[in-house]
């Protein structure tokens, strides 16, 4: 528990029930000093609840939340060394930008001059010099976003918590704020804990991420690991696009698509029926040695890549999605092409 | 703030009465060692009901119309008159002594002192309404005066005044002769019937004096039930076309009578104040303020002859024709009849 | 030092007051519940009680012998009950209140619609011009109509002056028309604001959706706007109908004594006779009307919808 | 048939002008009597415009010289202020209870709390009159008027404040807590300032309702006069000149207050119960 | 004006001014029978205004809108053969799903039985059998979306207009609805006119699209044409991601990046300064023959592709974005790589 692997936040068997509803169903993970950690999952999976338990607005029904190695059960939110950036920003509408940013400092007894200086420093970090005297409603959405960030950052918390702060912004702005968030993270000391249902954002930003499904953690790890080696069909499907197909294992060989199908060379422990995940970009168009042939029934041009919906010739496989980057147009819509799955590309899940 | 401080303290006398009395404040205070506080009231019934509701401990004096004095006596709200203190009482017109004996005396004690008086009949615009034999019929028969007055007639918006006029019109004068007004149920029904029919020719019912004057001057009606003091006020202010009629069936007279609360802690001083109301000089001033004569004829000495013509000197013979306000025997029946008239 | 500790403990106490559910509720709701029970529920219940008792000549309530005679008295007369003053006044009050409500609705709807659909600079001015009469004393507004009506009131005298008519028009004298006009003027803002609140909550793209799907303007109004503003219409109706039913000042000034609504009847009995038994019984009919009106309204709207004003 | 002959755009325009026309008529209806009254307050002949006999300020001089009337104005102001303060305190607390906590019979309470506003004044007035006299043994007085008006004003505070609290973004309070405030500081520094406009609006409503009330005060006031009862006797006893003048002065005063209030905050929003977060 | 190229909607010099604001500044385009036409542009560029002029809710200040070859100026919305799917759906909340869908039929006088039959048919088309009796608020976002679609479709309009109907849905649902929209378009006769600020959606769905910027049409054409041959830097930047760099033309050769730069082999007419657009996916990592070398300063993992921010070695070029598909990780963050721009990939704009 020292050095870069020091655990700032540690969740241990944390559950939260609201009456009959189990919002969080026993989860464990650790946020380490300095890391950008994301929690992703579909709507209603318990992300906000988890975050609120870390920040102290909810008490776990069971399990412990440790902050800096100590059980935080009895520490109220105002005494926790965490700060939150809210989904709807929650800037105080009756205070100026400056007053908003200084609020936390004031509460911790910093004197007026020091407050002003520090808040201006952080406003400048988020590129808002000169907005000190404005009211929040005089700012654009992106600017408000940055004030919310500065208001939390200025307290230099050990852990900065984010609850989907970008979801209300439009695409261009979201991309831009995403980049800025990463850059700011590199400039400050604290850990970032970022909650979102947008797997793209989470993958782009995080050092590590946890995938939550119906109150349970399905997988924790760096984005690439999660994308390449999903622990469950749910993770495979939720993180990125994938083709989930049924397969059978026979003597360590996995075949998909029944009799007309093909083998995917991934050894499997179990015997019997399995689910196989194949990413669209891992399927290539080939001239020889193909795994399957199929008609392109739909083609969606997406600019930097083109998506093909392929109906394989045999019976055993449903439609498969294939993605080609750039200007390649190896098969036209309505034509039949030949496809091969890259080696090591298939991930096999026991049923 | 507000409500006054109760009838107890020092030599302050609290009085619930009509607006005009407040003009006497300075003189009373210079004549007696007293502070008088006037609270304006706009109707006898309110004076009565507020005392009834407990205000009798807050006020020392009230000056309701004569017909409310017996009610207050019944409700045991008022104290008897110490005749020695109210020295001016003896000077009042005889007629008022009689009235007081009839109405305000119980167990040998007198409970009210008449202060000023007036009478009701009707008045009309002499420019548009020809002279005629003065009778309440003018209020009930649109053509009676010789010109069609449909829609130009006005009655008082008060069940006693309005229904009495109808009763007199119907010839029930006898009912007004006893201690109380005693209309039988069938007479009340006739009154009701008559008034319901009258509604078609009425322009409306009117609340009280000043609005009568305003409306009369505006030309809203030509002939209406009214008190003499209103017409006197109009004359005084230079409007000479209204004419006051004295109906042959008799005029209804009212007189205000001062009473002192049984709960007053300063009864004697209070009666001294009442005595001032009917003192010659102050009585004359009150008469001027209200365009109504004082019950004390000696007030005439302090008025000009013109004023005396209008509201100072009243011939005792005229007083004899007057029918004083009285309590009515079966007030519920009157009220129900009145309500039915109003909602017909 | 000591002030420090005492202020701290005050703070703790204040914070403590919100610790438990029970204390939170009693701190927030307690005072108003006490107030409402003592100054609304108790008096009304007492009034209900009095309506079943008699009052003696000394105006004392006679306890102990409940009776229906007050209610009997309301409907007793020579003729059938529908000829009694009470019944006549009651019916008249319903009639005038209903007409007032309908006129308010008809008059307020276009204005509320414009306010809800058009924004901008004029909006603030118009809202101001609408709100000002709303905030102006009720009595003053009734009085201003008292000046307008009357055989020689402003309306008639203006008509005469302009030569439109040669003698005063009876319609513009005091009476039922004047009362209705006065009531409409008095309670119009309640309807307007209720409708406005409700129209303002409407997504006007629904109107466009209806138009786009082939509905005419009228269709859009009928199929979309009216159904969606129903809560506003109903609560506005309630806020106009109920007080109109019990109106006193307006019919008093504008009826010239010839028209008697239920409020005047009650007032007359109370002030001239202190007949609280009769008055209570008569008031029950207003109270019951309110209860019925609310129950009817709650079939279409929820309590929150009544929060318009 | 004839409408069918109109071109669609003409029909549209006719509908549009119809709408504007009705709205304009409504405004005329709302304002004419008040304007006429204003004109009459400067007229020699105070009760009708024709025959017009000239302008005068005499009515105003007389009004401002009427001590009784001025006293009644001051009494009205005092009563309105005290009762509105009580109504505001009770109403704001109750609004928190309603908006923030669940409790049994919540809807019942809500309905009950709106009642003082809708129950006709004559019923409330008489019920309280009987109650004060008979049960409490309290003579009618200044105090009874204040009690009456404080309960009458309650819903006028409760409604806007509750509405505001419902639309209040509670994460603002959490933000304050997160940044280091305890509950009390959070209330004082965040909640209260943000709901303040609705509290002010509620106070204003309660104040005006008390100030303009006649019928309730008529029954429970005892024998002193407030402005409305003074006005009532003025009208009943025909003092039109003073009545015109005092009424015009009041309309003017309220116009000024309202204009200031509307510039300061979203009054129309509060009146309509749909104020936006500012 | 016949066959497949028949113009159903024709905008000719259409302008719309609101007071001082010019929302639409003289635009012309044509929607042909049966095509899926999109109008894209940033927020506030006048898309909704254009759509409202076609549907009849606004009158053009100048220019004409022709429907089926006839000037539609005096035709009110309810008499136009167009139907709208609104951004916020605008389902009638007080009517059932069935009543919503039947509303248009009712207004055109179809009798009750026929209405029910037809509405059920279309509800089934959008996969909502059995939802006839529900109220809109008892449906999920995606289901409401489909009701809105059915409500417009059932009238079988010549042109179906869409105003960003998918923007309020979450990512998964949006993708799914996108596919369904395309499929439905294939099943029905009418043209679809689709307004959005989401260029991805527009590219994926459209046969042709128009790019709008500040009230003016910048380019009209099929998505691939617009992506590959953008008519202006604005279009290049708005449609897809791109690197816009400054260049100079000398004797028909375009060079970017000054002295340390390189030539992009695209002939240009003009001489002098130009702007060059290079798509991130058109830059490859190579061992030899590179155009430029640069350090990878940032790396954003996105699952099916990875984005690299490269800082070229020389002075003349700013940061460039490069995208690699799939598992290729040719350069690590912090390392220097060598890059080549694919031939024909650069697009040159005169200044």
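The chains carry the letters A, B, C, D and E, assigned in the order they are written, with residues numbered from 1 in each.
The working rule: contacts are C-beta pairs under 8 Å (C-beta built on N, C-alpha and C of every residue); 3 or more make two chains touch, one makes a residue touch a chain.
Quantities reported herein were computed from a predicted structural model and do not represent experimental measurements.
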If a chain touches subunit A and subunit B alike, it appears here: D
Dominant interface by pair count is C-D
Between subunit A and subunit C, the Cα-mean centres are separated in Å by 57
Between subunit A and subunit D, centroid-to-centroid distance (C-alpha), Å: 53
Please report how many Å separate the Cα centroid of subunit B from that of subunit C, as a whole number. 37
Find every residue in subunit C that makes contact with two or more other chains and list them. 152, 270
Which residues of subunit E are in contact with two or more other chains? 76, 79
Where subunit B touches two or more other chains at once, by residue number: 53, 207, 215, 218
In the complex, subunit B residues that touch subunit C: 43, 45-46, 49, 52-53, 74-76, 151, 155, 157, 159, 189, 199, 202-207, 215, 218-221, 331-332, 335-336, 339-340, 342-344
Note: in the complex, subunit C contacts subunit D through residues 11, 14-15, 18, 21, 24-25, 27-29, 31-33, 35-36, 39-44, 46-47, 50, 61, 107-108, 110-111, 113-114, 124, 126-141, 143-148, 152-154, 157-158, 160-161, 184-185, 188, 193, 196-197, 200-201, 217, 238-239, 242-243, 245-249, 253, 263, 266-267, 270, 276, 279-280, 283, 286-287, 290, 294, 302-304, 306-309
Going by the contact rule at the top, pick out the subunit D residues touching subunit B in the complex. 47-48, 68, 75, 78, 129, 133, 139-142, 222-225, 233, 235-240
Footprint of subunit D on subunit B - complex, ascending: 1-4, 16, 39-42, 50, 53-55, 57-59, 207-215, 218
If you look only at subunit E, which of its residues touch subunit C in the complex? 55, 57, 76-79, 82-84, 86-88, 90-94, 103-104, 107-108, 151-152, 155
